[in-house]
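In what follows, chain A forms one complex with chain B and a second complex with chain C.
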Partner chain A sequence: MACKFISNEDTNKWLEALAKDHVVFVPVEDGGSVTFRPFAEGRKPVLDRMPVRSPKEAVFPQTETLLTYKYEKDPENPERTAVSIKETLPRERAVVFGARPCGTRGMSVFDKVFDNDRIRDPYYATRRENTLYITLACDKVESTCFCHEVGSGPADTTCSDVLLTPVQGGFAAEAVTERGGKMLEASFFADGGDKCAEAEAVKKATREMLGEAHDYSDAPEKLMAAFDDDEFWEEQAAGCINCGACTYLCPTCYCFNITDEPTGTTGKRVRTWDTCMSFQYTLEGSGHNPRTVKASRLKNRVNHKFAYIPDTYDKHIGCCGCGRCIKSCPASVDIRAIVKAAQARSVKKESK
Partner chain B sequence: MKANPVLPDMATVMEVVEETSNIKTFRVRFDDEDVMNKFTFEPGQVGQLSVFGSGESTFVINSSPTRMDYLQFSVMLVGEVTERIHQLKAGDSVGVRAPLGNAFPTEEMKGQDVTFIGGGIGMAPLRTLLVYMLDNRDDYGKITLLYGARSPQDLSYQEDIAEWIGRDDIDVVLTVDNPDEEWGKNPHEKVGLIPNVLKEINPDNSGYAVTCGPPIMIKFTLMALNELGFKDDKIITTLEKRMKCGVGLCGRCNIGDKYVCVDGPVFKYSELQELPNEL
Partner chain C sequence: MQALAELKDQIRKALPELDVVIGWQQGYDALHTRPLFIRSEEDIDKLVVNEFCVVNPSSYLREMRGGKKVGLVLKGCDSRSVIQLIQEELLNKDDLTIFGFGCNGVLNHAKLQARFGDIGYIESAESDGNTVNLVVAGNKETAPFAELCAEKCLTCSYPNTLQCSHFAGEESDKKAEAAQDKALEEFEQLSMEERFAFWQDQMRRCIRCYACRNACPMCVCKDHCLANSRQPKWLSEDVDVQNNFMFQMIHVMHLTGRCVECGECERACPMDIPIMLLRRKMAGIVRDVFAYNAGTNAEDTSPLMRFEVEEPTIEERH
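Showing the complex of A and B:
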């Protein structure tokens, strides 16, 4: 990978230039938290910490219109009401700037689920195709970080087009994809020179801060072995208040609801982020609910990330290790601890 | 799979049949003749009906692919969307996304006896397979239908039943919990719970058994079939879950790493036993 350099000052100019023909999502301060919002002049990107919200909303908006509909009376036959519907595919071109490697890696789960040999979701696939990811490697770590344990790392380039690494006075920039390479042809970039070696040192130092990686590779079978251990799951879920913050902030959580929003004789069908932590999520019309207790809902969230996705998609862990669900949980539920407990539980059982 | 899997095709209700006090059957045709002519499905596959403004719900296509004049869906009134569907009249527009999900193993079942055990609205997925087999009668062995409901008035598909009773290539037994004065005059009219009547009928256990109904009925019917000696991989049922997208994306109908909308709704009993215990 060829390495270039862009100064802090030029980075802002670059964003301004990109914003001319893209919606550029940058992390900004918003009511005490850091969230991705379209870049505008005077809006200062916050690049010194991990954004609270994940970058998924650029390609998987919290609310997205799938179609619009219109009821029309047939003038020839007033008894009859016809409906016409219109597909509403997204068109905008976007850039996500300043997501961390874990958040960007979250898209790898979306890619597998929404665009594969069996199915292509045109809303997601269109946005994904029209969105460039300029990701920022980490130069420090937090106690909730565990990217290195789920197949990622503080300079992971998965799903990124460009990887920036913070160095003295600016960023070292590497193209990951061909379209990322095109971006680095902009006049704001200088030859990397000794900034490249500096960037490599930053990456290495950050990785070292994370320390040894716990091995989750037997988690799928150990979690499934614990499936019917209600006591285990009740203990793990004891603190959970079903708020769903973990799922909304998660870069890999993709579950959604579809609802109609009528306004008189017209309206739209929208999909919105949903959460498997909610009782209503699986509530059936008959009143039957396969997940009536919070323990079974937490189990689904953990198993989806660490068993179902790896079992379906060639051992790819469905968690990117960003730690958002841990950091933002009002009850300190820690997904790492739960999976580790499931792994240890089996060891305990086997040694009996 | 279509270019946009969540975009319905527009269709028109041709006819509405009032089956029971809370079940209506809707016969629909796609508005685009080309879509209608090219449409294919297999018995057991489901579709999503859309009433715009209220939403979508999943129902089995209970007509048979051998009769493509229309697609038929039977809808029990249980919630907001089904309430709106029940208001539909002939000539009204409805959105349809179909076919979705897997199907009954009609090839594998060829040459074998088939026992159908349906309870209440659970008769709908059986109807599609039963009509299909009757239209390909020579391909299958002895066919037996046991269909139960709370009362005689709760039995759907009265017209079909009358026709089936008149045929000599299918055995029909009906059972209800609450008979009226008329009930029981014919030998095929029984009183009692489906699993008990099933044991009374004692069908040959070498063939297939296909069952659908309320969860509690399925549970005891599976036990009865087991007792009668049916093999686990020859007992077939269809599952229901709350669904939204119907195409394996939205996440909610999973049982472990399987999605009922894609990997189901048809499952063999032997397959159910492999799934985590979360029905």
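Showing the complex of A and C:
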């Protein structure tokens, strides 16, 4: 991969240039938190840590209007009510700047689900096509980082168009896709020179900080073997408070709800994030709920990432290893520990 | 720590009569503990008591109703929620065994993060009650405890567990550093317009994950919260300023006169929204108007749950 260099100062100018014809989502300080917001005057990108919210919302916003509708009475025939519907497909072009490789990798799970041989979700697919990812490789690791254990790494390029690596005075930039290559033709970029070797050293050093990777490859079968072990899941879920923080901040959680939100005779159909940690998630119209206790809800979240997605999509782990669910959990529930416990459980049972 | 050894002893003796004892154990790194559910002798050794024991174990009580014999290791602030739950007849006090100790305050992860960049980069933090010694990305740092502790600890009047069955170690003589919450006092200096703008901006940040609600020991409606009710539908599924505001107002109003200010809602918030400002304001009003402090007397009744023709603490104009 050819490598170029952009200085810190020019990075800002580049963002300004991109913002002319894109909505440029950048991580910014937001009330003590770091969230992705459109680049604008006075919003300084925060690039020294992982954003609290995930980059998925650029393509899969928490609330999205699918259509608007209006009921109208026929003046000639008051018995008759007609409904007019207007589809609201997204149009804007966007750039996600400064997401970490784990967060950007999250889109690979979305792509498999929303845009495949059988299904093409027009809202998702349109946004996805119109969004470019300029991802930032990591030069530090946190206690909750485990990208290297789920098939990713601190310089993973999956789903990115451009990968930046922090080096002295700026960033080494590599094009991952053709579209990314076009972006690097901008006048702000100089030849990489010795910055390229520096970037490679940064990537290697960060990978080493993460240490040896635990092997999750037998997790699907071990988790399925534990499926009916209620005692195991009750123990794992004991601390969970069943809020949705883990799923809403997760870069790969894609479950949604569709509701009609009326105001008088007009209304809109919205798609909003849903969470499998909620009682309502599987509540059926009859009043029956197959997941009445939190243990079965937590089991779904863990199994979905580490068993169902790998089983359905060619062993691709449905977790990107960013650690947001661990770090933001009010009760410090650790998904790594749960999967490991399931792996160890089988060993224990077999040895009996 | 003397109290920890004593606590373990007391739990060991009481455990045969109990279904579970809820306390804390070490979490995934040096800065996090997580809830511990002691069901057997071997679990007792996992118990830790330190300045990272932030979770209020009584929040798990709503799952344990129905005659279960539950033991709880509680800080002073945590014990107030149990008293309030007993008072509201949501719990039977005969089912509970409270293990108490003297607390010198807990650290606040949001404050640590604000000061040192990111919680994930802090390798260790140890406190002697006055000073916190940290290692951040390989560098040693020190800071006064009072600057890094939970806001509630600065105004705490109950450092020792209330109404406990067992008390371990020495009582804490920690005094409140201020009578009024400083953050609230500063906030109230703002004009009404500024306050409204502040909350609008904070409500924009809310992701409606309901961590604040689920972490709250007094939110006992569980899966029947009106925020999730579809019939009638009080809130839209839209996650926007208006609906988030509505939810947060419902939450505050349902807790007025019941909230024991344990701070779990704000601590649980993944977006660090300062919702305790609202709780403290309402608790202050209840104290001023009704001379009532929630969760301190199990025989009392919360002022908004009773009716008096003449409230003794309100001087009426005739």
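One rule holds for everything that comes next: the second predicted complex is superposed on the first by the 352 of 352 C-alpha atoms of A that agree within 3 Å, B and C clash if a C-alpha of one lies under 4 Å from a C-alpha of the other, contacts with A are read in each partner's own complex, and residues count from 1 in each chain.
Basically, contacts are C-beta pairs under 8 Å (C-beta built on N, C-alpha and C of every residue); 3 or more make two chains touch, one makes a residue touch a chain.
As the structure is a prediction and not an experimental result, all values here were calculated from the model.
J.: Taking chain A as the common reference for superposition, should the pair chain B and chain C be classed as clashing or as fitting?
T.: fit
J.: Which partner chains sit in contact with A:80 here, chain B, chain C, both or neither? Use first/second/both/neither.
T.: A:80: touches chain B, not chain C.
J.: Once the structures are superposed on A, label A:100 by its partner contacts, choosing first (chain B), second (chain C), both or neither.
T.: Neither chain B nor chain C is touched by A:100.
J.: Touch test for A:37: chain B only (first), chain C only (second), both, or neither?
T.: After superposition on chain A, A:37 lies in contact with neither partner.
J.: If you stack the two complexes on chain A, which partner ends up touching A:270: first (chain B), second (chain C), both, or neither?
T.: A:270: touches chain C, not chain B.
J.: Which partner does A:119 contact after superposing on A: first (chain B), second (chain C), both, neither?
T.: first
J.: Regarding the shared-chain residue A:301, is it in contact with chain B (first), chain C (second), both, or neither?
T.: It touches nothing on chain B or chain C.
J.: State whether A:257 touches chain B only (first), chain C only (second), both chains, or neither.
T.: both
J.: What is the contact status of A:288 with respect to chain B (first) and chain C (second): first, second, both, or neither?
T.: first
J.: Touch check for A:140: first (chain B), second (chain C), both, or neither?
T.: A:140 sits against chain C, while chain B stays out of touch.
J.: Could you work out the angle between chain B and chain C as seen from chain A, using CA centres and rounding to the nearest 10 degrees?
T.: Between the chain B and chain C centres, as viewed from chain A, the angle is 90 degrees.
J.: Would you give the minimum C-alpha distance from chain B to chain C, in Å, for the three-chain superposition?
T.: Taking the overlay as described at the top, chain B lies 6 Å from chain C at its nearest C-alpha.
J.: Using the superposition on chain A as set up above, list the residues of chain A that contact both chain B and chain C.
T.: Common to the two interfaces on chain A: residues 257, 259.
J.: So in the complex, which bits of chain A are touching chain C?
T.: Residues 30-33, 35, 48-50, 52-53, 62-63, 140-145, 235, 238-239, 241-245, 247-249, 257, 259, 261, 270, 272-273, 275, 278-280, 294, 323, 326-328, 330-334, 336-337 of chain A touch chain C in their complex.
J.: Flag every residue of chain B that touches chain A in the complex, lowest number first.
T.: So the residues of chain B touching chain A come out as 1, 3-8, 10, 52-57, 78-79, 82, 91-93, 95, 214-215, 240-242, 244-245, 247-252, 254-257, 262, 276-279.
J.: In their complex, what parts of chain A are in touch with chain B?
T.: 66-67, 69, 71, 77, 79-85, 87, 89, 113-114, 118-122, 224, 227-228, 254-260, 262, 267, 269, 271, 274, 276, 281-286, 288, 290-291, 296, 300, 303-304, 307-309, 311-312
J.: Looking at the complex, which residues from chain C come into contact with chain A?
T.: Interface residues on chain C, with respect to chain A: 27-29, 31-35, 37, 55, 59-60, 63, 110, 113-114, 117-121, 137, 201-202, 205, 207-211, 213-215, 222-223, 228, 236-240, 264, 267-268, 270-273.
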